[in-house]
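Chain nomenclature is as follows: A, B, C and D, assigned in order of appearance, with residue numbering initiated at 1 for each chain independently.
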């Protein structure tokens, strides 16, 4: 008996249902691209993406493939390769609903769920037009006597619980603990998700909890519902200390995505490739 | 030029002033006992201790030595060696003010300062007598429409900023980063303190940020105002992966502290010992 | 192995172990060697029938599953990821209110104890809280506690998925009935009868029709406890382990 | 080294560098090679006069001082531990409101851009925010932004220790005066005059009496930039570094 649930990427995909609120990690946090590929193949529909705090190619591909109904994010772009064309197109043509946010609000809404409180306060935001379109955010006057400014207005953000989180990581140890290093936003995401699945470059025989230093770099197995091995699973995105982003491929994508038909033919190749390309 | 401030333990002590709100780590987080010894020698007065979330011998010694006016904690005890006698005596004889709290509230108040928000919500507590004696805590009805229970009552806890935090750790790297391992409550404490000083077993030539795993075990130097070397600096408390608590000494203390005169003579020996005893 | 060889602590461990059989995640706070040993015993027995029980023992490095600092226990509990936790009490009353602060009229106490620890959240959010207080006397089990560190029951308008389910002392095991807000006597320690319990309990309680004596651990359970669990307990409660098993 | 050899990006880096000389901690967000290079240059120059400037570059592993995940930048800024940060803007208006979301009437936009990132907090809490937008034209510097990602100024009843201090484009450097809610023209790019700036700016602004051309980097600064800073920038902005220095 394994101390954790070993799955295939496709088994993870089968745990994500139409309409799910899916946690999406930023480009620096381990983008689960091999999972995303299978998710698109499955023709999933009406996903709601919750980006912490942004998405790049993962979100743009899912949107361009018609899988997304709604997205909550602080930014959607292709980073160095400019704007995210399928996202732009979907917004302009009102194919998706965007809940425009700001990075710290996306963190705070998950921290509320992490602590199981109904809301989290935040400063800033008031005076931004973001607030006009967020009827789930609420402005109150600071009710505290000796903390904060007297009479200051503060925003309360609702607790958001994700249905599913999937991310890609370097390795899992023999007990199902995941090495996340400094990417602690993955822990916040996991704490705030009903289900958590992880793709990893490799399973190792290590026990991360044998040393305090290594333990501190881990997401404990208790938050993880299943793990799949997937070498180069973030390609063409990069994975910290493992491989850089595949800049050529990302550039190719950014050009192809400029219109739907060239995007479609790019995706045909991407989805049918037997294996993911080896990254350096 | 060193990239950080190297100090002596006495120089750290001179940064702590009468009446300061001092952050006090739990017995598992690196108790700065060599600092505490010098602080008592300095005859500091009217300290307010903020314990995250509890204190053992450090708090009891400071209280018994007349250094403390107020303490906020979820618990004060000598752990395996029973109640904290100088604390008990000071409470019964009303020599100190106790702000009785509960662990998650002590964490949340610092998290509010970490995020620079005036308050942090928390569930629980309502119905506990703790609330009756905390006029800095405020009960509100959940104002959110779709988050939490409709009409539920929630406590708001004030943001608390510490004047000074001092803790003991295994090592500092050549850039002044501190290895804290899994003791991430030390990061929360540091984020919420105006000044942070650390005593360490040793300075090393390492650069913790050379690897993601090691970096993730570190408190960044940017939160640290000064570091002093102090071998066995937690003695007679323990230090994770370095040395166990000195059970014999802790037991000796627990017996001596039962009344003020035997405490006083114990402290005479403790304060005048040239060096801290070697721990195994 | 003969009956008289069983230590009383082993019986308590065994009773607590029986209460954990349906759990997925049991957490044990500081200074709780008997609950800690019970949780590890349950984990080992579950493993032998190929079920997984996760045990988090805060006082241990090896059995501490957390990496987000001291607040993670509370966050994790509030998220609903911990099934069972243990709490004590200087005083416990008939409505399962617990007092960890002191006796007398707060804040002018007659006797001060350590404090409420995390009880004012944990008691609210963990579905199965087991109260464990070895001393069973009219001064520990009282009609009304002098200070409520955490209440046994809350109003409907509060978020409270958790609360007390059992109370174990060195004399008896009670269950707690949330609806009628009363404890119910379930088991009695060997050598005692219902009258002894009544005399030593400061509050009123119901009595189960089928009241039993404390169940004694089976030989196979004792073997596991002594051979596998005792050395584990030595890691984080060396003094307790030495006293019970290695002296 | 002759003047015509200086790249225009190097001038921008040098101007930004001059704005950082009093700082203790400068943070640089994603996709900001010129601010990133400027911050590292300032750090190196400070080091040579034995002063310490801390630089946090989010896009880098080596210059990322954080260990608490992606939220630490925002928490750290809110705590008042970051002196200077850089923000851009699809549009910037006369009151220093910035728009990172799109043009047209939200939510039915004509053109959509990436989004507000962390601006809706960072702009409020960091004392010296430097707006950096290379394109200087009536479509980027507008009378009124179509969407306020973050406002330049806030009401008194808000907590707002931070805000805009400068705006640098490829044509001019402005300071921002919080009291009269206007930008003030301070420096002009080589080869341009005040009339050129006026024509290319969609909003009104004040003009400093002593208006200068962009200061050019000294030879020693250029040496540091090319020999020490350029290789560092290669680590996290390889394409930018290659374009400017290694092609």
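Observations, loosely collected:
By definition in this document, contacts are C-beta pairs under 8 Å (C-beta built on N, C-alpha and C of every residue); 3 or more make two chains touch, one makes a residue touch a chain.
Values in this document were obtained by computation on a predicted structure and should not be read as measured data.
The chains that touch chain A as well as chain D are B. Most remote from chain A, judged by the distance between CA-atom centroids, is C.
Each chain gets a centre from the mean of its Cα atoms; for chain B and chain D, those two points are 40 Å apart. Note: centroid distance chain C to chain D, computed from Cα atoms, is 59 Å.
Rounded to a whole number, the gap between the C-alpha centres of chain B and chain C is 28 angstrom.
Within chain A, residues 104, 115-117, 122-123, 148-149, 152, 182, 184, 187, 212, 215-217, 240-241 each touch two or more of the remaining chains. Residue numbers of chain C whose C-beta contacts span two or more other chains: 61, 66-68, 75, 78, 125, 159. Checking each pair of chains for touch leaves A-B, A-C, A-D, B-C, B-D. Contact residues on chain C toward chain A in their complex (touch as defined above): 25, 47, 50, 52, 54, 56, 61-62, 65-68, 75-76, 78-81, 125, 159.
By the touch criterion given at the top, residues 1, 3, 113-117, 184, 187, 191, 209, 212, 215-223 of chain B touch chain D in their complex. Only residues 30-31, 61, 64, 66-71, 73-75, 78, 100-102, 106-125, 147-151, 154-155, 157-159, 239 of chain D touch chain A when the two sit together in their complex.
Of all residues in chain B, those touching chain C in their complex are 26, 28-29, 52-54, 73-77, 79-80, 83-84, 87-88, 91-92, 94, 98, 100-105, 107, 111, 122-130, 133, 148-149, 151-153, 182-188, 240-241, 247. By the touch rule above, chain A contacts chain B in their complex via residues 104, 108, 112, 115-123, 136, 138, 140, 142-149, 152, 154, 156, 158-159, 179-182, 184, 211-217, 240-241.
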